[in-house]
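Alright, structures below, take your time with them.
Below are two complexes that have subunit A in common, paired first with subunit B and then with subunit C.
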Partner chain A sequence: MDLEVLWRYAPSLLSGFGVTVMCWSAGGALGLVLGFVIALLYRLRLAPLRWLLRVFIEVFRGTPFLVQLFLLYAGGPYIGLKLSATTAGVLGLGLYSSAYFAEIFRGGFAAVPVGQIEAAMSVGMKPFDVLWRVTLPSALIAAVPPIVNMLIVLSKETVVLSIITVPELMYQMQTMAAETFTAFDAIFAMAAFYWLLVEGVSRLGARLEARVTAFMAEEARPA
Partner chain B sequence: MHPQVILHSFGYLTQAAGTTLAISLAGIALGFVIGAAVCIARLSREAWLARLGGVYVSVFRGVPLLVLLLFIYYFLAKFGVDVPALAAAIGGLALSSGAYQAEILRGALAATPPGQAEAAVALGFSGVEVWRRILLPQALRISIPPLINEFILLLKASSLVSVVGIAELTRVSMNIASLTYRPLEAYVGGALFYLAINLCLAALGALTERRLAGERG
Partner chain C sequence: MIEIRALHKRFGAHEVLSGVDLTVGHSEVVCLIGPSGSGKSTLLRCVNFLESYDAGDVRIAGKLIGYEDASDGTRRPMGARNLREMRREIGMVFQHFNLWPHMSALHNVAEPLRRVRGLPAAEAEERARAMLKRVGLSDKAAAYPSHLSGGQQQRVAIARALAMQPRLMLFDEPTSALDPELVGEVLEVMKSLAAEGMTMLIVTHEMGFAAHVADRIAFIDAGRIVEQGPPRHVFHESAEPRVRQFLQTYHDRNSF
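Up next is the complex of A and B:
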C-alpha cells in the first residue's frame, strides 16, 4: 500500500467523501420524508390512491437501484428531466429508499395496538390529536431500528453513484487508481474504509435504538 | 416513448433475464453453503472459530458489493490467478450473500424453542439426531421466507456485475440503449423484466409464509 499516493490525492479523496456524505444524507432525508408521506397517505384508505402507492412501492423495491439510476440519468432527458449526475444520484437514492421507508413506517403504524387508538377516541380526542399524541409517538419508535438498518444499506448504495459519474469517494478513488496504476491498493483502501464506516454507524445506531426503546424495557419489567 | 424498441429487443432481454436468473441462482446456492458454514462457525464452542464467523459477517456485510466485486477482480489480477469473469462475479455475489444467509440461519435456529432440544436429549436422542430430527427440519422451514427475500435482494444486486462486463439484464439494457439511442425504452424494458421476476418471487415468499403460519396456527 503506497501511502504517499493516498496523501497526494488526499484533497480529492476528501472532497469525494464529502460528496458521499452529502448524497447519503440528502438522499436519506428525501427518502424518509417521502416514505413518511406515502405511509400517511396509505392510511387514508382510499382504494385508488392505495393502489397507486402500492405500484410505486413495488416498482422501486422490485427493480435494481442501478437500473433506476440509469433510467433517471440517461432516460430522464427524453421526458424533459435534465439532471446533473449528482442531482440524479440524490433523487435516485431518495426515490429508491422512500419505497423501503414507506413500508417501515407502515409497519410502525401497524404495530400500534388498536386498543390504544380506540381508547383515545373514546375519551374524546380529535382524529389529529389521536395521530399526533397516540399513534405517531409509538409508531415512530417502533420504526427506529429498521430505519437505522435502511440508512446503513443506503450508505453502501452511494457507491453505485460512481457508475453515473457522481464525484463521490468511489469515483475519486477510481480516478486515483487509473492515474497512478494502484487499482488494488485503492480498492483495498475502499473496502477497509467502508467496513469501518458501516461498523461505526451500526454501533451508533445500536446506541440510539437502546436509548429510544429504553422505556419499553422499563415497562416490560415486572413491578 | 417508443414501446416498439422494447418489443424489438424482447428476445435479447429474455435471454439476458435468463443469464441474470442463472447467476443469481448460482450465487444464492453457493452463498447458502458459505452461510451454513459461517453459521456453524458462529455457533461453535471454540471461541476463535465463533469470532472468525463474526468477523466474516461484519466484513462482508460492511463492504459494498460493487467494491467487493472490483476487489476480487483486482485481487485475482494482481496475483495472476486466471478465473473466468463469470465465476468471479458469482463468487462475489456468494461471498456477500453468505454473510446475510448466515444471519438468517442463525436467527432460524434461535427461533426453535430450546425446550425441544432439551426434551429430545432427555428422551435419549444423540447429538446428531437432535440436529437432524428436531433442529434442522424446523430451522430450515422457518428460514424459507427470509431466504426468498434474500434471493430477491441478490437478484437486484446482480445488476452490479454488469460493471465487469457480463451480459446480464442490466448490461444488455445498456447495450440496447447505446445501439438504439433510446435509453428510456431500453431501461424500462430491463426494469420490467426484473419486476416480473421479483413479483413472482415475492408471491412465492408470501405463499410459503402463509403455509408456515397455517401449520403453526
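Up next is the complex of A and C:
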C-alpha cells in the first residue's frame, strides 16, 4: 500500500466519487419518477398501453445495463440523439432502473388489501381520493424496502458508466492504476468509497422505513 | 327502506343468487342467516352495489341502485357520481374491519367526513371524536388500527360508517373475525344502534344476537330465501327442513 500515491490521486478520486454520487442520485431520481409514472399508467387497464409498457419493462430488465448504455451513447447519434457522456450515463441509469422501480410500485399497488379500497368506495369517496388517500399511501409504504434495495444495487451499477468515459470513480481509479501500476491500492480505495456510499444509503433507508411504518404494531412491522 | 325483487347474480357458471325477494322497512333490523356459501354476503354487497347484479331490482328508498332503467325498458349502468351519492347514505361494516392502517382511529373516522361530506378539518375531527365516544373509544382516538384489538377496530369501523349519518347500515359478519371474548362489545354497539331506530341489514352467525335484536330473520340457502319471519317463528316454529337442519347443527356445535 503506497500512501503517497493515494494521497497524490486523492483529488481525482474524490472528484470521481462526487460524479458517481451525482450520477447515481440523478439517475435514481429519474428512475423513480419514470417507474412511478409507468406503474400509474399500467393501472389504467388499457390493453395496448399495457402491452407497450410491458415491452419497455422487459427490454430494460432483460438486457445488460452495459449494452443499454453503449447503445444509448454510441447509437444515439444515429437517431439524432447526441448526448454528453454524463448525460447519457444519467439517462441510462434512469431508464434501466425505471423498469425495476415500475415493477416495485406495481407490486406495492397489488399489495393493498382490496378491503381498504372497498371501505373507501362504500363511504362514497371519489376515485382520486381513494387513490390519493388510501391506495397510494399503503402502496408506497409497502414499496419502501425494495426501493432502498434497488437504490443500493443501482449505486454499484454506476461503475459501468466508466466505459463511456464518464469521469466517475471507476474511471478515475482505472486512470490511477494505469499511470502508477498500483492495481491493488486503487481497487482498495474504490471499494472503500463504494462501501461508504452503500452504508450511507442503507442507513438513510432504514430511517425512512422506520418512519413510514411507525404506525404499525411492533410485531406487524417487517424486520 | 330496502326493496329487493327477483335478484339474480352469477359468478361465471355458478348462480349465487337465484331470485331473492326481501324488504327491510324503516327502522327495521333484519338478520340474514344461513350456511356458508349460501349467498348471504353477496346479497348484502349487492345492496350498496359493491357487487353488481345480473337481473332484478335493488331499491334504496325507492331508488334503483347501480343501474338506470331507460323508458324503452333497457337498463344501463348508473353514473359513477350517482352511485357515490347513494353509497353515502348506506353505511357498511366489514368482517375484516377494513380500517386504513396508516391513519389513526380519529382520522379513519374523520377522513370520509372531509373528503366526501367536505367538512373542514376541525369540524370533521370534532364529529369523529363524538362518534368514537359513542362506541366507547374516546381514549383511543390517537391509536393506529394495528395497536387496537379486533373488537376495538370493529367499533372504529362502525364509528366511521355512522359518522356519515347513513340512512341504513349493512353489517357483513361483523363479529366473525373476532376472538370470542371480543364479540360482546361489538354486539352491544349494534344493539344500541338498533334501539335508536337505525335500519339495519345484518349477515351474522350470532344466533343469540339475532334472536334478541332482529325484528325479522331471513334464512337463505343456495341463493334463495327459504324462510323468513320473526325470530321466534324461524327459530322455533319453522317447518322448513333446511332451517331445522341448520339450527340443529348450530345447537350441536354450541352445546357442551
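Of note:
We adopt the following convention: the second predicted complex is superposed on the first by the 207 of 223 C-alpha atoms of A that agree within 3 Å, B and C clash if a C-alpha of one lies under 4 Å from a C-alpha of the other, contacts with A are read in each partner's own complex, and residues count from 1 in each chain.
Keep this in mind: a residue touches a chain if its C-beta (ideal position, glycine included) is under 8 Å from a C-beta of that chain, and two chains touch if they have at least 3 such contacts.
Here the structure is a predicted model, which is why all the values come from computation and not from measurement.
Applying the stated contact rule after C-alpha superposition, one finds that A:F56 touches neither subunit B nor subunit C. Look at A:S138: by the touch rule set out above, it reaches subunit C but stays clear of subunit B. Of the two partner chains, subunit C is the only one that A:K126 touches; subunit B does not reach it. By the document's definition of touching, neither partner reaches A:F17: not subunit B, not subunit C. When the two structures are aligned on the shared chain, A:E118 is found in touch with subunit C, with no touch to subunit B. Comparing subunit B with subunit C, more residues of subunit A are touched by B.
Contact with subunit B, but none with subunit C, is seen for A:V198 once the two complexes are overlaid on the shared chain. The part of subunit A that touches subunit B in the complex is made up of residues 58-59, 61-68, 70-71, 74-75, 78-79, 156-157, 159-160, 162-163, 170, 183-184, 187-188, 190-191, 194-199.
The part of subunit A that touches subunit C in the complex is made up of residues 113, 115-116, 118-127, 129, 133-134, 137-138, 141, 215-217, 220. By the touch criterion stated above, subunit B contacts subunit A in their complex at residues 1, 58-59, 61-68, 70-71, 74-75, 77-78, 152, 156-160, 162-163, 170, 173-174, 177, 182-184, 187-188, 190-191, 194-195, 198-199, 202. Only residues 48, 50, 80, 84-88, 90-92, 94, 96, 98-102, 104, 111-112, 115-116, 144, 146-147, 157, 160-161, 164 of subunit C touch subunit A when the two sit together in their complex.
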